[in-house]
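Take a look at the structures listed below.
In the two complexes below, chain A is the common chain; its partner is chain B in one and chain C in the other.
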Partner chain A sequence: MTAQGIENKGASSGNFKQNLSGRYNLDRVFATAAWAATIVSVLVLVWLLFTILKDGLGTINWNFFTAFPSRKPEQAGIKPAFFGTLWLMAVVAATSFPIGVGAAIYLEEFATDNWFSRLVEINIGNLAGVPSIIYGLLGLAVFKRIMGPITGGNSVLSGGLTLSLLILPVIIVATREALRAVPNSIRLAGFALGANKWQVVWNHVLPSAMPGVLTGVILALSRAIGETAPLIAIGAVAFIRSTPSSLQSPFTAMPIQIYNWVGRPQAEFHQIAASGIIVLMVMLLLMNTIAIYFRNRFQQTR
Partner chain B sequence: MTAELPLNDIAPGTWKPNRGRSETIQLIIKIICGAFATISILTTIGIIGTLIFEAFSFFGNLPSELSKDSEQVSYMQGVIHFLTAGRWTPLFASKQFGIFVLISATLMITFISILVALPLGLLAAICLSEYASPKIRKVLKPVLEILAGVPTVVYGYFALLTVTPFLKTFFPVEGFNSLSAGIVLGIMITPMVASLSEDAIYSVPQSLRDGAYALGGTKRETVWSVVLPAALSGIVSSLILATSRAIGETMIVTLAAGANPTLGFNPFVPVMTMTAYIVQVTKGDAPHGTIAYQTLYAVGITLFLITLALNIFSFWFVRRFRQKYD
Partner chain C sequence: MQDIRNQTMTDTALKAEKISVYYGSTLAVKDVFLDIPRNQIVAFIGPSGCGKSTVLRCFNRMNDLIPSARVDGNILFDGENIKRFDPVELRRRVGMVFQKPNPFPKSIYENIAFGARINGYQGDMDELVERSLKGAALWDEVKDKLKESGLGLSGGQQQRLCIARAIAIEPEVILMDEPCSALDPISTLKVEELMHDLKMQYTIVIVTHNMQQASRVSDKTAFFNAQATEAGGKMGYLVEYDETQVIFSNPREEYTRDYVSGRFG
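Our next item is the complex of A and B:
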């Protein structure tokens, strides 16, 4: 309200109304709306978890873990998908952990502020915003087709490398934050004793940043195992009657299997899809618990 | 009696530690780590390179795909067809490549999702930073983080098998529809809007709030006319990032919105988004070199450019309009 407005409407004519009760009523409406929005978000989560538990708990049994996919829903199981996801996680962890941490160490500890480090930084910011299915198209062209003779085409290795590229920006950002949180006095003490940069990083900075790094890596991994779209794009199929035996084996993964079952018309398949979701969510919950454990330890030591 | 210094046979200034080996190791490590950092650049080059290369072969083959016996189609006409044609049927006998059909579906679903995520996310952010006590905040933030960590295929299940039947009791929706996909997509991006906006609101200095209270403002007036405008750049940028995320999201729209490329903005009928098309083609087998394979990358580059533009716009917006308080 402008000064002009106040003069015209109230103060000069002597009947300026604070209207406090009305304004407080509006306050209450606004506060209610804010709380309602928050509660709705929580309720949606409860609703989602409830429907999945209601649909899926009944069909989880031993057979579900040990059986292969089948045309008959009551005989179908997630064995290949479960092992496929474990294989994928191994490939993703083995590639993205050293590469991501190495790149972060370079950017945080070694690089001076030159065009190269700035280019890499802008790059990482942009890569984090690229839709995951685009990474799938990259994997399809590069890992499945061009590098097909090495990776074996539609294989665990192709899928794992694609997911690695997807989560690299996340790992790099998390690692850099963990490195930045290490007090500079530790580095200076190391230098004062005559150690060079790498010795300081390897013996002092990295060990004290490790809990933070591991938190970031585990959270990134948990994002990778929930990803479906890039794996479909490189051609992972759900109907496989074997578990992977090598890096070049064809594979399926939990999200792919769930997607396949959800997409079928029969309600029985929807039930086992919900069971698959429960297993996947329990895996994610476990990983998140480990990550939170590391984070708490990290915060205590600092 | 003075203690005799050891090593007094070394003249001052001649002690030379042998650092050759550790320096070499450091150099090797530095090169390896630098190479790892380069991988991020190679990824970008790889993405842009493959998208451009295959998209160019698509536009190169487009005229011959469109040409009939009677008329020849030029390269430019092919590009214009791609941008303006009203049908998307690359897998049929009579092929049409109107990308706008896919873009319109993507835009409609994204619009619905923003309609859900903007009020929910922004109000939740205000609630968390202004109304909730630290104790409640400590409980609510992890809940939002869990919502953000749910795999998208789970949201797809939720949209197709829970929300669509629920909507059927109110609206004449079909089994696949963009309304349900849009709502669930909105729920998916709500935590992102909420946590980014909350950061922006939280960083508004307390002195501004105190100033507004001192002028006689109520809590709502303070939040609405002082805190929110001060945090506007962060809020807008969180919305843009969430939009870009919604546009690129795949599993929810593939499962819940269907695979029926139709032009139009009816939220009750099945549609096909850009991402859903990519899934449909890659799920089957599209051999390299076919027009179906190349359309993947034509759609992919369109999607990439849209999300890239939004991301860059968001960064620019924050930098341009950020209020700085000290």
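Our next item is the complex of A and C:
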């Protein structure tokens, strides 16, 4: 039996028909398909980058950064939009990070499993899928009208809070995922040493989850930086001749400015719209770079 | 069972009086009576699913953390019912070492210092870290890398780090839930030697699947078994509890004899 088994090795032996060549062929087909899928998405990105750089690179100059919008495309700049976006992001980060992470910690670590927490859970999932214009209308009603005396109406604060609402569900979901990925043995170890819940969460669970939390927060901020519709809904205007000086200042933002330029008939405006897109993309890249930097730093200390 | 309950101990650290544990509506362990004498090592042995670990977790109220778990009966710690303790206070005095080494993803120093700090330790932290690591026979191996992550140590070192972390908060009892099951024989031997030294200061309860280990390290042994229930599940109960020597050489119960001689389980 043994001798026969060795003789037949390689060919189909006994009850097994190995069909190696067929299996390897399938392997290659699958790898090629996956490669093609990757290439398609990369090509789209490359094409996008190429056309935008071609159109927009020529009109990026110092004046573009320091000038206010103008009827003449060669004099128009993005200064108010650039600073408006920076202000917005500061407001969004300052409000959505503590509220989102706090809510996620409560739901994941403190809440007991009852109908209320399940209801909250389901609705947070639903909220993440609500179109952004709806948040804009909510912001219009709540932050601009009802809370107008505090926010200053059509202001950086109203816009930032509206965008915060928009990305809160994303932050909460991402943070909960990160918290859930922390092994339970860490929590048990803390409790067994006489730590209470807060001490376990603050000292062990949160630091372990921090890389994931930060990744989620930055991705959410990247979504907020590109949002146009909710800001238009609360009444941000593109043509503004000042940069924000306080939270109650009126503002404009990069995507609104780009949207405005793209909508004009003159081709020159389309070029500076492309320049605006380049600036916005660089801002996005910078944010993601910062996120990766923080994530790596937290991972090193683990 | 009657004589077990009435055994008079000179000094009892933990006393279980008719402990039953439920998970939801399922009875997991039924009617356990047990006295853990001070400064001795008590081993819990028995087949899987017989409730050894469940009973162990009752002693520092870790079952409180499982929402569906319910513990009936009383456990006395130093003569006082543990239900009257704050669980945070109880867990400082009844420490625990887990099956899988679970150091915090922090430095070796921080692993030891955390428990002491949250419990309001007033003394010199450097000295405590050194003393605890020496107590766990780990100091010589890690003294030059206290700032490095506890996760960088080998499995056996990690488990001794967990023991060092447990003794840093000066508990009276240390519960060990299969502390050597993830370790190689040499690391196991080191942990066993360590337990022998720790006995002078602490009361130790150890759950183990390794009967040689139980016979090597423990003074008393409790044998748990599981019986099938009508609902199709398994229910654990305490079969016999006696001096380790008696359990392994001359047990009263047939089940115990079969188990320790390797005939089942």
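Going forward, the second predicted complex is superposed on the first by the 246 of 302 C-alpha atoms of A that agree within 3 Å, B and C clash if a C-alpha of one lies under 4 Å from a C-alpha of the other, contacts with A are read in each partner's own complex, and residues count from 1 in each chain.
The definition used in the following text is that contacts are C-beta pairs under 8 Å (C-beta built on N, C-alpha and C of every residue); 3 or more make two chains touch, one makes a residue touch a chain.
As the structure is a prediction and not an experimental result, all values here were calculated from the model.
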Inquiry  = For A:Arg295 in the superposed arrangement: first (chain B), second (chain C), both or neither?
reply    = neither
Message = In this superposition, which partner touches a larger number of chain A residues, chain B or chain C?
response = B
Key: First (chain B), second (chain C), both or neither touched by A:Asn203   = second
Query = Which partner does A:Thr112 reach: the first (chain B), the second (chain C), both, or neither?
reply = second
Task = Scan A:Arg264 for contacts with chain B and chain C and give back first, second, both or neither.
result = neither
Query = Now for A:Leu26: first (chain B), second (chain C), both, or neither, which partner does it touch?
reply = first
Query = Just chain B (first), just chain C (second), both, or neither: which does A:Leu188 touch?
reply = second
Note = Contacts of chain A common to chain B and chain C in the A-superposed view 194, 196, 199
Task = Spell out the residues on chain B that touch chain A in their complex, using ranges where they run on.
result = 17, 19, 22-23, 25-26, 29-30, 32-34, 36-41, 43-44, 46-47, 50-51, 54, 119-124, 126-128, 130-132, 140, 143-144, 146-147, 149-158, 160-162, 187, 190-191, 194, 218-221, 223-224, 241, 244-245, 247-251, 254-255, 275, 278-279, 282-283, 285, 288, 296-297, 300, 303-304, 307-308, 311-312, 315
Task = Within their complex, state which residues of chain C touch chain A.
result = 60, 62, 65, 67, 88-89, 91-92, 95-96, 98, 100, 102-106, 114-115, 118-119, 149, 151, 162, 165-166, 169
Ask   = Given the complex with chain B, which residues does chain A contribute to the contact?
value = 23-24, 26-27, 30-31, 33-38, 40-42, 44-45, 47-48, 51-52, 55, 98-100, 102-103, 105-107, 110-111, 116-117, 119-120, 123-127, 129-138, 140-142, 145, 165, 168-169, 172, 194, 196-199, 222-223, 226-229, 232-235, 255, 258-259, 262-263, 270, 273-274, 277, 280-281, 284, 288
Complex contact set, residues of chain A against chain C = 112-113, 183, 185-186, 188-196, 199, 203-204, 207-208, 301-302
